[in-house]
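Look at the two complexes coming up: chain A is in both, with chain B in one and chain C in the other.
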Partner chain A sequence: MAVREEIRGCVILTNLHYAVEDHSWANVNDDGTVTIGMTDVAQNMAGSILHAKTKKVGVVRAKGRPIATVESSKWVGPVKTPVSGEIIAVNEEVAKDAEIINRSPYQKGWLVKLKPTNLDAEIAEMLTGDSAVQAYRDKIEKEDLKTCAHVEGFED
Partner chain B sequence: MDDFEGKRILVIQTHGVETPTRTYSPLFYAMAAAAMEIETMVWFTMNGTNQLKKGEAEKVQLDLSSDVTLKTMLEQTMDSEVELRVCQQSMALWNMTKEDLIDGVEVLGATSIIDLALNSDHVMYF
Partner chain C sequence: MALDLTGRQYKDVPFEEKEKLFAEIKEDIRFEDYLYGCYECGICVAACPSARFYEFSPRVIAQAVAREDEDLVYTLMNDSIWDCSQCFSCDRCPRKNSPGGLITIMREVAVRHGLQTARDALEGYGRIIYKIMSTGTQVSPDMLQPDAFPDWGGHVQEISDNLDVWRRALPPETLHTTETGWAINDKTIIELYLIWHMTGVMDMIKEVDEGLFMILQDVMEERLEEAGYEETFD
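After this line comes the complex of A and B, so read on.
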């Protein structure tokens, strides 16, 4: 069950797994697939997202490789997958309305789903629960990241 | 999104701080290419050289409603693993020495552009 924590207005859901340095989250689904997205901190740092392009279904990605390119008016960069696997689904809504990532980074703004190839080992390297919250708290304070602002209709 | 992994793009920037509206886009495109895992380099020459002088890029702010300056963009570009190179002869035209350069920029001789261009899959000129 998701517990919602907030650090400088930035939402962290404790049920997800995080690669804090890369600002990505992973959720292991009941069928063993993994959904990947970017965190609330990331969407806030990016600003209003104008375009997002994901890699295609069928592409195999190693952990740490980009699964999407996201661009705002002031930033463009990759979203890296925290786990290895084959992309089995992409979020078509993101291509139509990239701002969905700003509005719903953990729900409707998911980026890709993977069929993982090394899940146990790689998920163990990610942070979840209280450790994820603390790691993000440390990062936000160390880098003095600004308070997260949320667009109208934001949902976590 | 097509897979361009392993490709190389060379961006040539000839505009500098006197034309601020021509400074952001080349860096933005370079970052976009790097995000797509394309090996990307920006070559600064002619007027493009002057934005690399310490203290200059932070004076260029396109959007007054944000705190993003040309310095921010250059730093983000380097953080994106885009390589920055500057023409040594152009530096001389701007009375610049290596000590005047911002960190992270490598100086190459003018004719290096020939090798760089020939070894790239695509060259973008600005």
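After this line comes the complex of A and C, so read on.
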């Protein structure tokens, strides 16, 4: 069950797996696929997101390679996949309305679904539960990241 | 922090490293046209807008380079060259020095070697670099967002909400764009990407911003492949 934690207003859900350094999350679905997205901290650092372009279905990506390019008014950067695999689905909604990532980074703002090729080893390198919360707290404090501001209609 | 002109500020950096960077500045093909000698008239400082507002002096740059003071040049490469606005007002030097030109070379060396201060100075320009390098146009209309331009007042909200309509009201069809400054021809884009490839610009980007490098690499390699080129940026 998801437990909701807040650090400086930023929401962390303890049931997800996190690559804290890259600000990405992964969720292992029942069918063995993995859903990837940006964390609440990442959407807050980017600011109002204007464009999010995901890679196409069928693209095979190694861990650490970009699965999406995200543009806000003054920032652009990659979302790196924490898990290697083939992209089997992309969220069409983010192409139409990228701000959905600001509104719902963990639900409606997911980016891609992957069919993983090395899941056990790579998911073990990610953090989940209390250790994810602690690592994110350390990072936020060390880098003095700004308090998360949520747009109207924000959902965890 | 005050600019330290003693040359001792980066004493932890090995002298060989400073020597290497200085040699690279001197090897630049433009170097011999940018520095002849300085008789300290101060005309460059008097003309320099940055000297009025920052602890910055084009004369210090020209003299440190002329004296071949590697320690001080290294300090300036970290703590001074990013204060220059590259307006080249200093080119009015009666000895025909170009402190602004020297700074251009020093910045390029700083970027090539990924100096932390170069990364810091360029951090805020990521999206602009992305736009220029991926599309060939710099400022895009959709940069006009309320959170990026709060000083524009409430009007910017209305502009950004109806950007597409505003753009379509412009007579030339090539300006009916929101993501780029104008519509860009396919042939131009391919030529542009080949220029980045041949000139090693992507290697510089890789040194200062790996994330930016990754997304540019993706965009460019995909488009080049579609056009029948095999060039990669790895």
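Assorted remarks:
FYI, the second predicted complex is superposed on the first by the 156 of 156 C-alpha atoms of A that agree within 3 Å, B and C clash if a C-alpha of one lies under 4 Å from a C-alpha of the other, contacts with A are read in each partner's own complex, and residues count from 1 in each chain.
Convention: a contact is a pair of C-beta atoms (placed from the backbone, for glycine too) under 8 Å apart; a residue touches a chain by one contact, two chains touch by 3 or more.
This is a predicted model, so every value here is computed, not measured.
Aligning the shared chain A places chain B and chain C in steric conflict. In the superposed model, A:W75 makes contact with both chain B and chain C. Shared-chain residue A:R65: touches chain B and chain C both.
In the superposition on chain A, A:S48 contacts chain C only, with no contact to chain B. The clash between chain C and chain B in the superposition falls on 116-124, which is one of the stretches 8-16, 116-124 or 170-178.
Across the two superposed structures, the residue set of chain A contacted by chain B and also by chain C is 55, 65-66, 69, 71, 73-78. For chain A in complex with chain C, the touching residues are 47-48, 50-51, 55, 65-66, 69, 71-78, 80. For chain C in complex with chain A, the residues that touch the partner chain are 124, 126-127, 130, 142-143, 145-148, 179, 211-212, 214-215, 218-219.
In the complex of the two chains, the chain A residues touching chain B come out as 53-56, 59, 65-66, 68-71, 73-78.
Contact residues on chain B toward chain A in their complex (touch as defined above): 1, 3, 28, 31-32, 35-37, 63, 66, 68, 76, 80.
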